[in-house]
Structures are given as C-alpha cells and as structure tokens.
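Below you will find the structure I want to go over with you.
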Amino acid sequence: MSRIGVFICHCGENISRTVDVERVAAEVGKLPGVAFATDYKYMCSDPGQGLLKKAIREERLSHVVVAACSPRMHEKTFRKAVESAGLNPFLCEMANIREHCSWVHQDRKEATVKAIELVGMMVERVKKNRVLPTITVPVTKRALVIGGGIAGIQAALDIADAGYEVILVEREPSIGGHMAQLSETFPTLDCSQCIMTPKMVDVANHPRIRLYTYAEIERVEGYIGNFQVTVRRKARSVIEEKCTGCGVCMEKCPVKKIPNKFDQNLGMRPAIYVPFPQAVPNTPVIDRENCIKFKTGKCGVCRKVCGPGAVDYEQEDRLIVEPVGAIVVATGFDLYSIEEKPKGSPIKGYGEFGHGRIPDVIDGMTFERLASASGPTGGKILRPSDGREPKQIVFIQCVGSRAREKGISYCSKICCMYTAKHTMLYHHKVHDGQAYVFFMDARTPGKNYDEFWRRSIEEEEAVYIRGMVSRLYQKGDKIVVMGSDIAVGVQVEIEADMVVLATAVQPQKGADALAQKLGISYDKYNFYSEAHAKLRPVECATAGIYLAGACQGPKDIPDTVSQASAAAAKVIILFARDQLEREPIVARVREAGCVGCFYCKKVCPYGAVEEKEIRDRQGNLVKVVAYVNPGVCGGCGTCQATCPSKSVELDGYTDEQIVAMIEAL
Amino acid sequence: MLLSSETMDVSFVRKVEALSGTSVRRCFQCGKCSAGCPMATFMEHPPNRVVRLLQLGQWQRILAGRSIWYCASCETCSTRCPNKVHLSSIMDALRKLSWDDEGPSKESYVQLANKLFLQNIRTYGRQYELRLAAVFNVKSGQFLKDLMLGPKLITKGKLKMFHKKNKNMTEIEKIFSRIDEMRKNGEAL
Amino acid sequence: MTPRNILRYAYYPGCSLHASAGEYDLSTRELFKKLNIGLTEVPDWFCCGATPAHNVDELLSLSLCAKNLELAARVGGDLAVACAACFSRLKTTQHVLSESDVKRQQVEKAIDAPVPLNGNVKHLLDILARDLGLERLGQAVTKPLFGLKVACYYGCLLTRPPEVPNLDCVEAPTIMEDVLRAIGAETVAWSHRLECCGANFTLSRPGVVLQLSHAILDSAKAAGADCIMVACPLCHGNLDIRQKEIEGVYSTHYAMPVFYITQLVGLAAGLKADKLGLDALIVNPMPLLKEKGLL
Amino acid sequence: MHDNPIDTSIYAAVTEAIQGEARRILSEGHVAAVVGYAAARRKGSAQPVVVTRADDAGKLIFSAACVNNLAVYLTKARKEIPKSGKIGIVVKGCDLKALVGLMGESQLKREELYLIGVPCAGVLASTIQPDTALTAGTIAPKCRECDAHLPTGCDFVPARQPVTPELEKHYSAEIARLEAMTPAERWAYWKGQFKKCIKCYACRQVCPFCFCEQCLCDRNKPQMVETTPRPAGNFAWHIVRAMHLAGRCAGCAECERVCPMDIPLNLLNRKMAKELKELYDYEAGFEVREKGPLATYDEKDDQSFIK
Amino acid sequence: MHPEKTKHAFEPKIIAFVCTWCTYAGADLAGTSRMQYPANVRVLKFPCTGRIDPVFILKAFQQGADGVLVSGCHPGDCHYIAGNFHARRRFAAFRKLLEFVGVDLGRLQFSWVSAAEGGKWVEMVTGLTERVRLMGPMQEFKELALEEQWSGAINTPELQEAYNSI
C-alpha cells in the first residue's frame, strides 16, 4: 500500500483566494493511499520544502503530490526536494491548481471542487509511478553558434576563450551583421565599425573558432550534449583556402551596377563581391543570379584574372555534419518595411505613408548607411531621389511598433535612442538643417540614455513633436507630413525634404523555419521564446539551446552583448561536466510482448528504435524485437500510441498512469 | 480639474463603450487621429483630447463644446488608429448621449439639420432635399443662405418640387415607434 | 453569353439619386442597360439615414439599413448601391449586426423581421471592375476617353471603415483608376484622393465644405487633372455645385467638371450626352469634352 | 437475378495446375511444405491443409468452398508448418493482400515464401452450404466488390482468366446506408450488433493481422478494454479492433465469416479502408509498402477537422 | 468586467488531452493572463500529441466524459519534430470511426494551441463546454455501462428468466 503525501500550496493568496485549500487537504486526505495531506502558504519556499522533506521522513511517505502552480514552473524544485529527502524524484507529481484553476475561475465552490478532482487525479497517477533511474549521457564539448552578428561573435569568442571549440555559422558572405552597417552608436557616438571590426578579426584568427560564412543550418538532430548539425555551405564559387583577398576579380568584373544590400541598395557592387571592405572572411562570393558567366556561359573574366586560381564556377553546395553539445541561436533582427503586404498577412503596411513608394522616405538603417563614413555617400546625408542635401528632415518614431492595427503591438525598444542619435548626426553634418521628430513617448531607460536624448533637443536643436503622423504625401519635390502636436492641440504640417521612419524591429526572415529545425518555440511574431521570462532568459525550453540578441526580442547593443556572454556562460557551465544527467522520460520495450512489427520504428522521429535479435541458449533466433536507444529517444511517446500490443512504454507516461487518471474522473 | 473617483464618471464611459463597441482605455494618446482629422481645426477639443477627457471621465467638458458636432464621420481616425480604437463610433455614441439629454452643446445648426433630416425620414421615408434646405433656412433664421444656388439647381432638375411618395409609409413609422417603445421599456439604449 | 455571365442586381439608388443626383441615377440605368446588366430597383426602399442617423442614433441607423437589406433580399441577388454613404452604412450594418448579437436582436425587434446578413452589398464600381471585369468592360468601349486626364476622387466612405470588408485597400485603393484605364482615360496621381469634402455639412455649415473642397480642387488642379470623377452624390454636390462659390471665396479659378463614374464609362461605351444627364452638371463639361473630341 | 450463375469452370483447371506446381516444388526441394486447401469430409467442402510430400500434392484443390485466408497459418497458426525452409502457399487475391501487408510489417519475408496465386471468380458466402453452386446470390459479400480476382507478383499463377460479372456492392451500399443515418440511429444499429457479441474472439483468432502475442485487450494493467462480454466492453473491443486494423486490413473478411453471432465486422473495416483511401489515397494492394497510412504522414495532410 | 455567473442545469465533464510543450503551456499562459473559462475541463498532460492513444479518448467517454478536447502544437512546431503529424493522421481516422459507430463528433474537439495562444485555449475550452452543455450529457456510453444483459442473440425467454433470477 502506498503512503502518499499531498501538499497543497496557497501560493500566498494566488490559490487560496479562489480555492478553499483547507477543504482540498481534508478531502484528498480521505482518498485511499493518502497518508498525509496538508496545506501551506508557500510550498516552494525554504520552510515549505522543509515541511515536505520532514513529512516524507516522519510519515514514511512513498509518493508525493504537490498541488500548486504549473509543473512547468516548479516540478524540478519539488522533485529535487523529494530526492533530497531520500525518495526517487519521479515519485513526485504536481497538480496544477493555480494556472489551470485558481487563476482562471472565480467561483470559489467550483474552483475548489475542480482542485479536489485535479489533485485526486494526480494521486491516482502517482500510485502508478515507478522509480526511474536518471540516465547519463556524454557531452560533446563543442558549441554551435548560429548567426555572425555582434551577438554570435561575442558568444563564439567567449566560449572559444574558455577553451572549447566553436562552429560559427553565418548566412551572409561576411560576419558582422547589422552592427557592421551602423555609422555611430548611442549613447557614446563611437564609430560602430571601429569597435566591431577588431572583434570580427578576432573571430577569424581564433584557433578554436571554425567559421562557416555563406552557410545555413540544414538539419539538427540529437539532444543536449549530443547534437548532430548538418550545415549547408552554399556554393561561393570562390575557394576560400586559395583566395588571397586581393580584390582584382571585383575590379575586373564587367557587371558593376548591382544594388548592394549592405548599403541598403543605395550603393552598387559587382557580381563577384565582398559586401563591404572590412568583410570577414575577405573572400568574395559570386552572385550567380547576376553573374554573366552563370547567366549566359560567357565571360569568365574573374577566373582569368585570379592569380591563385581561386575562382571555381563548378563549386556546389556542400553538406557538413558537425557534432556539437550546445547551440547558441543569435540570428538577430530584420527591419519592418512599410510596403504593401500580401493579402491575408497578419502584418500590414503603411498606405498612409505611401507604401514605400516615395523615394525620399527611408528607414533608419538607410539613414545609418548615408551617415556612415564608409557608406555609399561617404558620410554625406543626401536624398536618394536627387542627391540634394535635405534641409528639413522629419523623423517618425513607432512606425510599425506599438501599432496593433498594423499587426505589431510591441515596442521596438531601440528606436527612441537611435532617432535621437540620427538627429545629432544630421545636425553635425547639415549645420543649416532642421530636424523634427514625431514621437508618441520617449523611452530612454539605460545608462546615460535619457541624458543623450535630452542632448539632442537641448544642444543639437532637434524639435520633438509629441504626436503620431497621420499621413505623408509627395508634393512637388517635398514630402508633406501631416501631424499634430497634442501638447498644444493643433495640427502640424511640415514640408520636408526627407523623412526617416523608425520602423519596427522584427525577427529575421525564416526565423520560424529555423526554430522548427531546432525544435524551439517562438511567439506569434517569430521571436524565440526563452524558458522563463525572468529566471531563465537566455535558455530555450529545449535543453542545450541558448538565445542571444535580438532574435529573442528587440535589443540594443549593450543588452545583446550581455545576453551573448550570458549564453556563452551557460554553454561553458554545460561543458564543465563530462556527463549529463537527462530526464529518464524515455521509451522502453517489453520484449515479451513485442512481435517485431516495428511500427514504433516507422513512426519514431528520432530514429531511436533498433532491431534486436532474441536468441535462446543454443543461439537459435527466437524473434526479432524492437529496442529503444535511451540516449537517442526524445521521449515523445508516439511509439507507444502506435504499438498495437502496447509493448513499448514511455516511462513517466505509461498507460497505467494515464488510465489511472482517466479512471479517477 | 479635481480628479477623484467621484469626479471621474466611469458609468458614462461604460455607456459610451457599450454603444460604440470600442474600448476607450486602449487609446495611448499618440494623436494620429488629430493629425489626420479634416475637421480638427474647427474643434476646441481635437479628437485625441476628446478620448483623453473620456478616459478621465470628464464628459461634461466634451458635451459642452462643439467638437463632437463638427466630426464629419469620415472615419479617417478609425482607419489609422494604431490601437484600433474606433473613434468615429465613439463620436456617434457621444452625440447620441448628448442628443438624448438635449445636451448642452453650443452647436445648434448641425443639431438642427440632423433633427430635420430624421424628421423627414419619419414623415416621408426618404429625404426631400428642397424641403430640408428650406425648413433649415427658416428654422435657423438664415433666410438668404444659399439663395443664389436655389434657382440654378431647380432649373438643372436637382431640387425637385414634387416627389414620388414611398407607398410603404406605415412601415417606417412602425420602426420608429418600436424603437421608442424599446427605449421606454429599457430594452435598448 | 453563358448564363453564368448574366449579371442581375437588386438596385438601391438612395435619396440623392432621386433628387439632386438625378443624373447619377439616369447614367447608371442607361449604362447598365447598355452593358446588359440587370437592375431591379428595390421597391419602397427607405432612406438609409446617412449620415445624421448613425451620428445621433445608431439603433435607428442600423434598423433603417436592416430594413433596406430585408427589402432587397426579397428582390434577390446581390444589391447594387450607387451612393458611397449608403454603401458604407449598409456594409457597416451587416458587419455590426454579425458581430453583436445584442444589437442584432434589438434591430430585428425594431424591424420585426430577421436581418439578412449574408447578402452581398456591392458598389457600382465593384460591379464594373470585378463582376463584369475590366476585360469585358474594355470590350464594351466604343469611344475610348483618350487624352482625358482624370483625378479619381474616392472620398471617405468608399473604402471605410477599415474593419468592414470593403471595396479596396483602405489607404491605397486603385479600383477607380483601374476602371478608367480600362476605358482609355488617363489618371493623375494626386494627394487628396481620400480626403474629406465636408459631406453633409453642406446644409448646416457650408463654410466647412468650402474649405475642405477647396483643398481637394486645388490638389486636383495642381496634379494637372482636366476633371474629377466621383462615385458619391454627396462628394459631387460639394465639388460641383459649390465649385463656383469656392472660386469666389478663395479668389481662384477651376472650371473643373466633376463627373460621376457612370457618366464617364457611359461616354466611353458610346452613350449620348442626354442619356448621361451631362446637362445637369453645374460646371459645364461640354467645352472640355469638345476639346478632347469626346462628344 | 440472384440465381445468375457465376462461372467457376476454371476451378478444375486451376486445381490441376496447383497440384502440378506443388508436386514440382516439393519434389525439387524448393519448399518444405505447401499450405493449401483440400477436400473435407462434407460433400463439396474444403479445409486448409499442409502438404509436405510431393506424393500428397494431389490432395490440393481449389473450389468455391475454399474460403479461408491461409495467411494466418504463416504467422500465429504456424505450429503445423516446418520451421525452416521455404513455404509454398496457395493464395487468392484477397489473401495475397494480407500476405503483402504482413511483409510490410516484418512478419513475413518474401524470399521465404513461394506464392501460388489462384485466379478466383469468387467463393461462397459463409451461410451457404459448401456444395452449392456459385451464383450472384450465394457468393460471399467480399467477392461482390473484389478488385483482386487475379493476384500478381506471385511465383506461379495458373494461366486462367476468371469471368467476373459486375455485382451489386454489398459493403459500399451498407456504408452509404449507415452514413445517411443520424448519429443516434447509427449508435442504435451498432449497439444492436455489438450486443450480440459473446467475446469468443474468433474474429481475432482468424485475422492474419491480429498477430500480437499479447493483445492489448487482454491486459489488465491497465485494463484498457473491459474483458467480459457486456455491452460496454463489447463496444470498446470492436472499436479498438477496427482502429488497430485501420490501414492494414485488406478485406479478406475472415472475421465476419467466422463470427458465430453474425456481426458485420468487415463493414467497420471497409469503412476505415474507405476513409483512408479518401484521406490519404491509401489502398491495400499487391505491393509491399514499408509504411502504412497510419505509420507515416505528410506535412500537407488534411486538418480541416482541427481548429 | 466579470459577467455574472449563470447557473446551468447541466455541467458537462470535459477532459482535455494536451501536449506539455504547446497547449499545456498555452493553458498556463491563460492562467498567468488571468483569463476566465468554465471550470468543467480537466487537463491531462502528455509529452506530445503523438503519445495520445485513441483508446484514451474512448476510455474517457466510457468513464463519463461528456466532451473530449485533444490539443497540441501547430504543425511544424512539434517539440518532438513530428509527433503531431502522426497524431493528426491517427485522429483523422479515429474520429471517422467514432462517427461511424454513432458518436456525435460535436463532443470531440481537436485543436492546435501554441504556448502563445492563451486566448485560443480559452476559446477552445469555452466553445466545447458550451456546445456540450447544449447537447446534454453523453448518454450513450453511460447507458452501455449500465446494461448488464447477456448477448442479445441467445436472449431466449428462458435464459432471460434464469438471468433475472440471479
């Protein structure tokens, strides 16, 4: 007979406000097998856990049910407590009477009845729980970092500096990401490239970092400590090992007028190119869509002029499999565009701002390229339409951000600060110009941030107008900005030469597809979800995968770098051990019942099922049965649901446990 | 203005929300409505401030002014509001509440025109523009308003002296009286 | 023609088309006859209440529109609407009543009948551009309006409110331009296509109308338009009837004819001026049409 | 109409060919045994037989009374069959589908079998005396909609072409009839049927696909399905059975044939086959497939039923 | 705004089989967001919808559930790569079977509810509860459970009498 202990948490008042916890304790105390039932203010607190441990010892409890918050919150906590009291941790279950009960119902009577039933179900379940030994798996002490922006670079350097090998994968031909595109950075106005390029070079020269640029993640298999990652190295058409980076090919390439994405399409590049002069690696790539050789078969100039013979038109995509133990995802962000969106898209464009068809209405990143000394205008602020210097410039904040109607309701966090920076850069470069900023709220929490913003107004003479712009339209060569100043309550109209939109920060395109490959979760905007908003902000719910930078939510550079170092620290902590304990929630085959139809093998998403021969003492083959490799098994249980004779069982979720719960209904 | 739970009339705001089917609290005062409002120059409280006053429960200040009567119902505000606050419906609701209580608004011409318009529907089922204009001019004391336009419109056939009458007049009266009845019984606002 | 291609509609002209916008009604009927599109006027329709009814009494406004929808459903087929304001109100009524059960029950009590919420309410533009289709519309053209530069004026209500599935993109509609290009006219890009003309303030506060319509006429003129095209009798009233007055008050000169869409399409389809009620326009269009060789 | 005779004249020649082939493969040592049909004691009746000597090959017959699906003798009823060596087996088209299915489920290996296919015009219904002539009225319901009169992919098939008249489709009609009912009516219908069940498990015993050594429905920890022949347990058993056979059952209808209480068991199986055909374009056939419709998926599968 | 709680004559038992990664987390989110929904639902947590055996649904109905909700991750979002894809096929087939034996499919709801969709969870639970409330109790399986008689086919008067006498 089991001696089950039931512990009901008040969670302060979070539970007890709606659920009569004392009655729950009294009722479940009467259930057969329950030897002890009590309630307590905060079960997760130190005294709460003490109470639990004491009861296990004094009442000689065989199983434990904690009725409190979601198991996703504190299952680990209580299992650990149970373990320290000498019980197997898997003999402890949680009944969720907070998220699934007290918080979602108001009627005290109903909520109490429901809580009693929920606990009752868990009591029946826990009776069928078995002792599960923890499973240990080895750790591959190599890390994969996805994304070569500042977040990925920082994480890769930190992990490598700690002595572990790192694979850094970047989609573009060069690392550097968005930070390499910026002119100056707030709140210090130091040149972005000046602080970025040394780090990029460090990556290139680091003995423990293997850099794959122009490469993407093809497939991810395995689990924490033991991932197998397939990387697709896209055909660069230039052999990296041979190329010296002399740049002759780029000079001689006859196609010169391809808009350069790095310069927000303002500057031009040849068909064989590096995106920017400081690129790492400094190895060009052939843009096959625009290359004459690839389009018509003729040309071939670059191969002719290449001294080391690095140009290789026949190069194909290569798939490389890398075993790693941990993954840092640092894929960064993309800027929202006001262009017309396809019908049915949850995100909408700005028709009232011309859907991106007014040439001198640009976004913040384009302004960065205009302001950058290494940019297409050499640092001069010039209009894309006619190359004139804008004398009246309007900045509009919160374009796409905080706009439920457009499909994005979050704040993009960085725009207030970079717009203030833009007004300063503008004022430094166009002394007789006037900058106006339309804003809703100025959000400047950060060290020296508010001071920076105030400086743009007080010293750099930017005119801030509180009020969102209703509409923009072209009138002659001016852009009419229709706004209002809500402080005075009057409409404001400005005939501007240029308008800069602080467009929303969105996750990279394809963020959802990558998440699916990695098996990590993401929110409705495709930002990756951390395991816990406060306490586990750099970990994914999927063990062994960590987040850094704007792929998790809008972030500025200091925050991104901090998170990247934090993710690196998490990886280093993981690598500090030789063996990992993993949850023993794995499938096991009952060989006696197995008839070897291998339905389990057919449906297993992990390929964890093997065929095993059973022989008698004479060595004659008796039958072939399934065997689940516990190291590979992911624990989904699809095999068990599929097995006709139920000869494979998922520990922790056996039919007995589930049926016990259904029967407790 | 003294703010307290007594001076902030929440029940009025609830009524506005029920009538308009839109949230007042959702507005975060970005001012985009006022920026695009074609009539804002005629209002003492631009649209965003109308919402702000509502958020503070200061409806008397709104109804005392003419802002709500100068809304053209062009729906530009509702179209562009980043928070999907349907301001034109809020304006409708405010006008209705003001209208029901013979609100203290300064704007009489617009109210008069509306009144005559609705009377016309109740009496004739459709609008008769000549009558509408003539009666408006008489009642508003602007006997000479648009005097120059009249004859030209009549010669162009634009103001008809006689109309085909709607043969189904009892039906329209029934609708009006049923609505009056529902209101009397408290079944509708 | 295959039966699928036969178009038939119930027709809701609205009050103005029986009065100040008689030429809109006339040209609509003649054009649709020419295009073989059947129109059956909804018998005994009522005023939709726009705009004063919803301004002060939403329940009344919804009830009037619901009654009209119910009358239209008896005729059968999709409902063709000429006036932008009526169109917007009828669509909004369908939307509001399908969203709110409370309001629907109140309205059904008021009109003592269930409200048909699934019927299609279509503006004439929609019928020409989509049901008939630009291709077939182009085929019906006998006298393309080559050389005529038109400013298409949508006004407020053709595409609003935004949450009601409506005629076209709420901020950047192209349906009028599409129709005009199909009949050979040129369209100008201008900034005030969607601005408000002052609508029903024409009676109570004409000063407002003068100011707003002045901006619209100015913008059209600056864009080099020969004329303006509208699809709403209220817009027409303000831009055409009050044009002279605006010229006086703002000391300017436009002489900018304002056409209804059906008049321009009718012209291109070879209909004569008297069938289109061109003589009813206050700003005389004849000099322009003669100059462009379109008469 | 019902008396319309069905031509079974080829069965004599088929019998002869089977005997010849069996004799040859046994004498040449190709196979250790041949599983087939032999005449039984009652006039005209037939029963399964295992022939291990070439001399006994003459026992083998094929007639309209050869109703059994012999596939079951290769799996759980294998006791009488030699453990080693290739086995010859006489299969009708419907039986072959089951064999193919078993190969896909790793229960049989093609290379260990010698398949003697029979061109079959149909067999008698279970309720008909064995010496009755095969007619439109006496033919087994499954044969009415058979699409596998001539098995393919066998090692040997007598070169005879069965004549197969178009017959009214029994199961399709029944499925349509039931589908047209209200849920309550269908429930009442099946309740009436399942009520009869005495849980003799003959259906399970005879089914080639019920090869589990320990049936889920016999387990008591936990007891998924009540084992006593009460209505609730019966209902559950038949639902579980149909679900487990979904995407596997090839329609040999042995379950229905052996049911002492005449429960239309194959109707459930056919319904599931129909649904899987509609949903995933899957049909049991003569080709060995590694994965059945419920062991695989397509990212674009229908999910209109999921909100 | 908290609407007045209405008392209903019939409060259905709803049992929900959900995966832990998406729907369970979505239900947690509904909780942390303090959304409200009927208290009729009892949630059973599975690692993945792939683990949910159709027999459980049958068992739930037999144990007196009036409605069953099965919910997991959206296609492509499965934590276990493809568990929900397998589940989707399995349930597509199973619901057809239940329908064929006369179970009203109004009582069986399948949905995809992600960890971010607290609102959708509330919508699913509320919708199913209200629908089942209108449908009334699931009598069919309950009646079966109460029926005791021996097989109908050999239900001779003698046997019946003998049976009744025990």
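Order of writing sets the labels: A, B, C, D and E. Residues in every chain begin at 1.
Convention: a residue touches a chain if its C-beta (ideal position, glycine included) is under 8 Å from a C-beta of that chain, and two chains touch if they have at least 3 such contacts.
Remember, predicted model here, so these are calculated numbers, not experimental data.
K.L.:
Give me the set of chains touching chain A intersected with the set touching chain C.
P.N.:
B
K.L.:
Where each step is a move between two chains that touch, what is the least number of such steps from chain B to chain D?
P.N.:
The distance in steps between these two chains is 2.
K.L.:
Going by average Cα coordinates, which chain is farthest removed from chain C?
P.N.:
Using the mean of the C-alpha atoms as each chain's centre, the farthest one from chain C is D.
K.L.:
Taking each chain's centre as the mean of its CA atoms, how far is chain C from chain E in angstrom?
P.N.:
52
K.L.:
Calculate how many whole Å lie between the centre of chain D and the centre of chain E, each centre taken as the average of the chain's C-alpha atoms.
P.N.:
34
K.L.:
Could you list which residues of chain D touch at least two other chains?
P.N.:
216, 224, 294, 296
K.L.:
For chain E, jot down the residues that touch at least 2 other chains.
P.N.:
Residue numbers touching two or more other chains: 54, 59, 76, 82, 86, 90.
K.L.:
Touching two or more other chains, which residues of chain B qualify?
P.N.:
76, 84
K.L.:
What are all the touching pairs of chains?
P.N.:
A-B, A-C, A-D, A-E, B-C, D-E
K.L.:
Where on chain B is chain C touching in the complex?
P.N.:
So the residues of chain B touching chain C come out as 19, 21, 38-39, 42, 70-76, 78-79, 84, 86, 88-89, 91-93, 95-96, 99, 109-110, 112-114, 117-118, 120-121, 125-130, 132-133, 136, 140, 145-146, 148-149, 152-153, 156-160, 163-164, 166-168, 171-172, 174-176, 178-179, 182, 187-189.
K.L.:
Show me the residue ranges of chain A that touch chain E in the complex, using the header's touch definition.
P.N.:
70-73, 96, 98-101, 103-107, 110-111, 113-114, 117-118, 121, 512, 515-516, 519, 521, 523-524, 529, 541-542, 585, 603, 605-606, 634-638, 640-642, 650, 652-653, 655, 658-659, 661-663, 665
K.L.:
In the complex of these two chains, what residues of chain D are touching chain E?
P.N.:
178-179, 181, 183-192, 195-198, 216, 224-225, 229-232, 235-236, 238-240, 242-243, 246-247, 261-262, 268, 271-272, 275-276, 279-280, 293-294, 296-299, 301-303, 305-307
K.L.:
Of all residues in chain D, which touch chain A in the complex?
P.N.:
Result: residues 105-107, 211-216, 219, 221-224, 244, 290-291, 294-296 of chain D touch chain A.
K.L.:
Note which residues of chain C are touching chain A in the complex, please.
P.N.:
Answer in residue numbers: 162, 169-172, 191, 222.
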